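In the two complexes below, chain A is the common chain; its partner is chain B in one and chain C in the other.
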Partner chain A sequence: MNYKISDKAKKVTLGVAIVGLVLLVIGFFQQKEFVYANKIDDHSVEIKYNGHADQDAQNALKESITSKLTGYDIEIHDANHGHNEHATNDDSHGHHGPTFLWNIHFKHAENHSSLIGSHESGADILIDKVNNGEISFFDNGFRRFWSNLLVNGFFFFGIALGALFYLALHYATESGWGVVLLRIFEGIMSAMPIGIGVLLVVFLAGSFGAHHIYPWMDSDLLDPNSSHFDPIIYGKKAYLNLPFFWIRVVAYFTTFYLFLKWFKKKSKEQDEIGGTESHFKMYRRGALFLVFFAVFSSTMSWDFIMSIDTHWFSTLFGWYVFSGIWLSGMIMVMMITLYLRKGGFLPNVNESHIHDVGKWMFALSFLWSYLWFSQFMLIWYSNIPEEVIYFTERIENYKLLFFGTFIVNFFFPMVFFMSRDTKRSAGFLIVIGLIIFIGHWFDVFNMVMPGTLFDQWEIGLLEIGMFLMFLGVFVYTVLNAISKSPLLQKNHPFLEESKHHEY
Partner chain B sequence: MHKESDIRLPLILGDKSYKDITDDVIRPIEANPPKTWYLLLMISVVIALWGIGCIVYLLGTGVGVWGLNKTVGWAWDITNFVWWVGIGHAGTLISAVLLLFRQKWRFAINRAAEAMTIFAVMMAGLFPLIHMGRLWLGYWVFPLPNQFGSLWVNFNSPLLWDVFAISTYFSVSLVFWYIGLIPDFATIRDRVTKPIFKKVYRVLSFGWTGDAKAWNRFEQVSLVLAGLATPLVFSVHSIVSFDFATSVIPGWHTTIFPPYFVSGAVFSGFAMVQTLMLILRKAYKLEAYLHVKHIEYMNIVIIVTGSIVGVAYITELFVSWYSGVEYESYAFLNRATGPYWWSYWAMMTCNVISPQLFWFKKLRTSLMFSFFMSIIINIGMWFERFVIIVTSLHRDYVPSSWTYFHPTWVDIGVYMGTLGIFFVLYLLFSRYFPVLPIAELKTILKSSGKNYKEDYGKGKGYWDKHSAH
Partner chain C sequence: MADKVIFAMYDDDDKLMDGAKHLVANKVKVSDVYSPMPLHGIDSIIGVEPTRLAITAFMYGLTGTMLAIIGIRYMMIIDWPMNIGGKPNFSLKENMLSFVPIFFEFTVLCAAHGMAITYLIRNKTLPGMPPRNPDPRTTDDKFVMEIKTSDNAHVSEKDLSKLIKDTGFIEIEEKSIL
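And now, the complex of A and B:
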């Protein structure tokens, strides 16, 4: 049966994307560069900033401090005379002294605070305003924007890749049960160019210095004569250098894309000519894909994600990322299947198929949790400084997100998908599936943000908007791709097994 | 009934009926064993006794009779432990994971593989116990309330987690194996004529009646146990890997250890299954139930797990350089080029390079080659543990205490002894227990039996027109 994307589906997916875009644009112009405040006593606060800010921007910030502390009589002293030359230095890394350091002094603080009836001292109010970003710069480097682009680009690339991986696995293992679902896998993997495109933009921008997500792309850190020289990153130069990185990026994306195209072409061919020739070709090609994938899935996650925290290393990282990719792909398969089945487009998909995809979601959640725990526990237990710093940062600045992600992604599937009935109930699958889907988006968020935004992360309009935009466009692309070919591989040699699948 | 595609090769060859299956599996139990069986048993018993002698000597004299020294405090003892635990992974993987994946070919190997698992785990458990030096205090590993003073187990130690993991694994595997045996014991009970056999099998079969309700419960219990055993397969070897990975010793502390140990365990377990089953099928004339296709499937599992292990080796090697930590880099450089280079390259050749030969269809369907490879892999996986353990320890942070480990005759004797005990148990099993699951084989006869495959042999079936792909 052919699926035709309905007007409603089109409206909903593109509508979500447009709403996302609007939120994204609003969020984009709200990106902040935080300054750091340190309370000295009730009358004075020290304000420090490490990034790039010229004199005009500094004056504007001073004005904003004065205007936001109405009722207080304050004085701003520059306490950083020795480092003033850095104020115009074009460098936003801050491996040296701060760009500016101000002492803000409150005259007669108590008098004034009683005047406006506040229990807080002026110093505390100032610190609050600094910490929640009310007093801050506009982020000209767009760090949040680029970081989010990487998070979403990678997450949605991963979903498509997860589907491609499972399709190859299905052929290589000569599985029969899932044949009636294969066109859905094909549809999802067809959306891979979205992720590839976005990731390419992020990498290109990074290569040309538009953002500093990957510290090793910064030539200043690799120059032994520079004051910012980083010997550890320098030591990784043989692997982490732009030409080799781009060779790898091109190799990953071309390999994946060519396999994707090839699988789609062959399955269409099989529809037309029948026979078993193309099936056995796909069986062999599936195994070949798994060989490439075994290597690329690891190196790819080192290149795209692990190298953000350039000093840090973990041998398990690649497999951990892979488990998340596979699971996110499976959840997407489940959602699309349930949607199409509800519309009556999948007459051959019975409850046993749904149950089996549900089992995969359950099992892969365990796999992910197992790998998450293994990586975390071993590093936590050994407590070696250069390794444990990765988790220290996350626990200090991302505590709720870090542990929350694990708890949600582990306990929800465990509790709710343990029983046979829930794995067959669309309601449970959709609600819990969506929760862990978002949970795994946050997993990627936790992998990226602590290395790019440090403690200055936010979940705001930018994050929500960009996610919605990607989601809308992704689902639309998937549905569109599915509508391009019949929903059933009618000549698959295991089709009868799949049609009569019952377990 | 499940539909099975034409293009799937039959799993049971020949013109077999239900009765043929029963006959073929029970025949060795009813008949008198051949002379070779007695011969093999004798050899195994002698080796086992020699090993027990070595253990007694060890316990009487002290752990100093092993080749351990002040730098290498763990060597063959823990190598053998991990090797045996690893072998003990295949059985439960086959019975639990492959059951969940609905792999029908597993019925040709699951019974014997589960038996192998149980015996292998027993051999593994022996090593920590004798390593204590005082075997009779072995129960101190359990957190038992006691009045010995402040004696209490250390819950922070992965060695204790090992105690829990392995004892749980052993119990569940044993129950799983035994539950599967019950209907088959009942079949034997109903057939044998010797009174003593009849009595014993009556006890063993727990009064199995074979009515619908019993079968229903049997199926449910199998599935529940499979669900329980699957996480156990992961947990056991993960925790064994924690013994090393929680430490701060370069070469031991690496996060990839848990999944890579699990994969390595399945790899070595399947190699051992391959070794044993290739002999068993020949000796017991079970070629119809365990044929080339089964061997090929096992070889595919071997190539997959072997490649996963290979990726892990290379990842470790790469990250040791990438980390920029000089101790890490040295540990791996020393493995590959130091005094133990030969063991590292033995491991690499046996575990990573040689299984890749299975990519050739000709080789992975050759019985002789599979048998040869299974031995190679067993050796390689022993070396893997030796490499991880001894090469990481022998050169520690203080160059003045760098040493080389030499096994003593007791080290070798104990190891050979466990092989002897293992084979004694396995030979007894193969003589008195049904080596194939009779009842479960019957469930696939009509869907996967050659004679039942649709139109087979009448010129219409797929395989009549095509040669194997």
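And now, the complex of A and C:
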């Protein structure tokens, strides 16, 4: 049966995308970067900033501090000066130290506050103004924008890749049950170019220094004569250097894309000529893809995500990212299947197929939780400083999000998908599926943000808007791709088995 | 009145399934089926209630988790606080994460053993118990259906034997139970 994307679906998906775009633009112009203030005592405050700020911006900030604290006699010292050695040692997460660190002294502050009758000292007032955003930067490095682009690009690239992976697995294992769903997998993986394009933009911008998401792209850190020289990153430069990185990026994307095209072409060909020849070709090519994927899924997650926290490494990271990718892909498959089934386009998909995809969602949630916890517990338990810094940052600044993501992504599927009936009920699958879908978006958020925005993250209009925009465009592309071919691979040799699939 | 049990034997699982469907359609209650391998779907045909083994598994698992928490709290926190890698050793809450694997293992241990033992007791197949299957050939390649007359008081004996005859058994045996 043919599916044609309906006007309503078009309107909804593109509408979501446009709403997202509007929110994104509003959020983009609203964003301020917060400067951090720590009280030393009533007379002195330490001002810290981690982002991207040139000398002019710093002077502007100094002026704004002086002008907003009229009546106080203040003095600004650069506390970073001459402490470069200290800064690099202290800073084991692989980034520059704070861009600047100032000590602000209030002269005769106590006299002053008693004069104007305030109970607050000048230091408290300054901290208040910093905390409520009155004294802040406009982000001229766009790091929040770039970080979000990376999060969404990777998340939606991962969904498409997860679908492609499962398709290849289905062929390589010569499975029969899912044949009636294969066109949906094909549709979802067809949206891969969105992710590829966005990621390429992010990497290109990084290579040309437009953002500092990947610290190892900064040549300053690799120059032994520079004051920012980082011996650990220097030691990794055989792998983490721009030419080799780009070779790998091109290799990943071309491999995935060519396999994707090839699978789609062959399955169309099979529709026309039938027989088993193209099936066996796909069987062999599926196995070949898995070989590539086994290596690329790991190295890809090191390159794209793990190298943000360049000093840190975890051998389990590739698996952990892969399980998240696969699960998000499966949730997307489930959502699209339920949508098309409700419209009556999938007469051959019965309860058992839904149940099986539900089982995958259930099982993969456990795989993900298992890997998440293994990575976390071993590092937390052994408490080696250079490793544990990764989790220290997350627990200190992202505590709710970090543990919340785990709890949601583990307990929701466990409790609600344990029973056979819930895995067959569209309502449960949609609600819990959407919750863990968003949970896994936050998982990617947790992987990226602590290394790029440190403690200055926010879930604002920018984040929500960009997610909605990507979601709308992604789903639109998927539905559009599904409309282009019949929903049934009518000459697949295992079609009959799939039609009669039970359990 | 003495209860009679009828054992009808089949040499093919499909024949047994079709026969059971035929009997149930005529309101005959089939009390049990003996088979050398699982017959998918037979439980819903003869109206066996869904197993409650999963519920017991949950309860055994919960018991295991509780026991593990209590045990570890006593052993590792109260009786002899162990300092491993400088982790906080004075409070269970702060040290909880390092015990998760133990909680998990003990939960699985209790759930699995509890389930297995419950299953054996419920089916009266504990080691050493007299066999319940009517014919040793049901562990080889034959299938037996068990019908109790007391369950089928609403069907006359004549109708019952005619209905059973229709199912195409290969052997039939009647036993009186006191």
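Before moving on, here are some points about what is shown:
Please note the rule applied: the second predicted complex is superposed on the first by the 411 of 503 C-alpha atoms of A that agree within 3 Å, B and C clash if a C-alpha of one lies under 4 Å from a C-alpha of the other, contacts with A are read in each partner's own complex, and residues count from 1 in each chain.
By definition in this document, a residue touches a chain if its C-beta (ideal position, glycine included) is under 8 Å from a C-beta of that chain, and two chains touch if they have at least 3 such contacts.
The structure presented is a predicted model; accordingly, all values stated were derived computationally and were not measured.
Under the clash rule set out above, the superposition-derived model of chain A with chain B and chain C contains a clash between the two partners. By the touch criterion stated above, A:S298 is placed in contact with chain B alone, chain C being left untouched. Shared-chain residue A:I459: touches no atom of chain B or chain C. Counted by residues of chain A touched, the larger count belongs to B, out of chain B and chain C. Applying the stated contact rule after C-alpha superposition, one finds that A:S314 touches chain B and leaves chain C untouched.
In the superposition on chain A, A:Y239 makes contact with chain B only, while chain C stays out of contact range.
Using the contact criterion defined above for the overlaid structures, shared-chain residue A:S382 touches chain B and also reaches chain C. Using the contact criterion defined above for the overlaid structures, shared-chain residue A:E497 touches chain B, although it does not reach chain C.
When the two complexes are superposed on chain A, the residues of chain A that touch both chain B and chain C are 377, 381-382, 502-503. By the touch criterion given at the top, residues 40, 85-87, 97-98, 100-101 of chain C touch chain A in their complex.
Those residues of chain A that touch chain C in the shared complex are 373, 376-377, 380-383, 502-503. Residues of chain A touching chain B in their complex: 174, 176-177, 232, 235-236, 239, 276, 279-280, 291, 294-295, 298, 302, 311, 313-319, 366, 370-371, 374-375, 377-379, 381-382, 384, 386, 493-494, 496-497, 499-503. Considering their complex, residues 2-8, 102, 231, 234, 238, 242, 245-248, 253-259, 307-308, 311-312, 315-316, 319, 322-325, 462, 466, 469 of chain B touch chain A.
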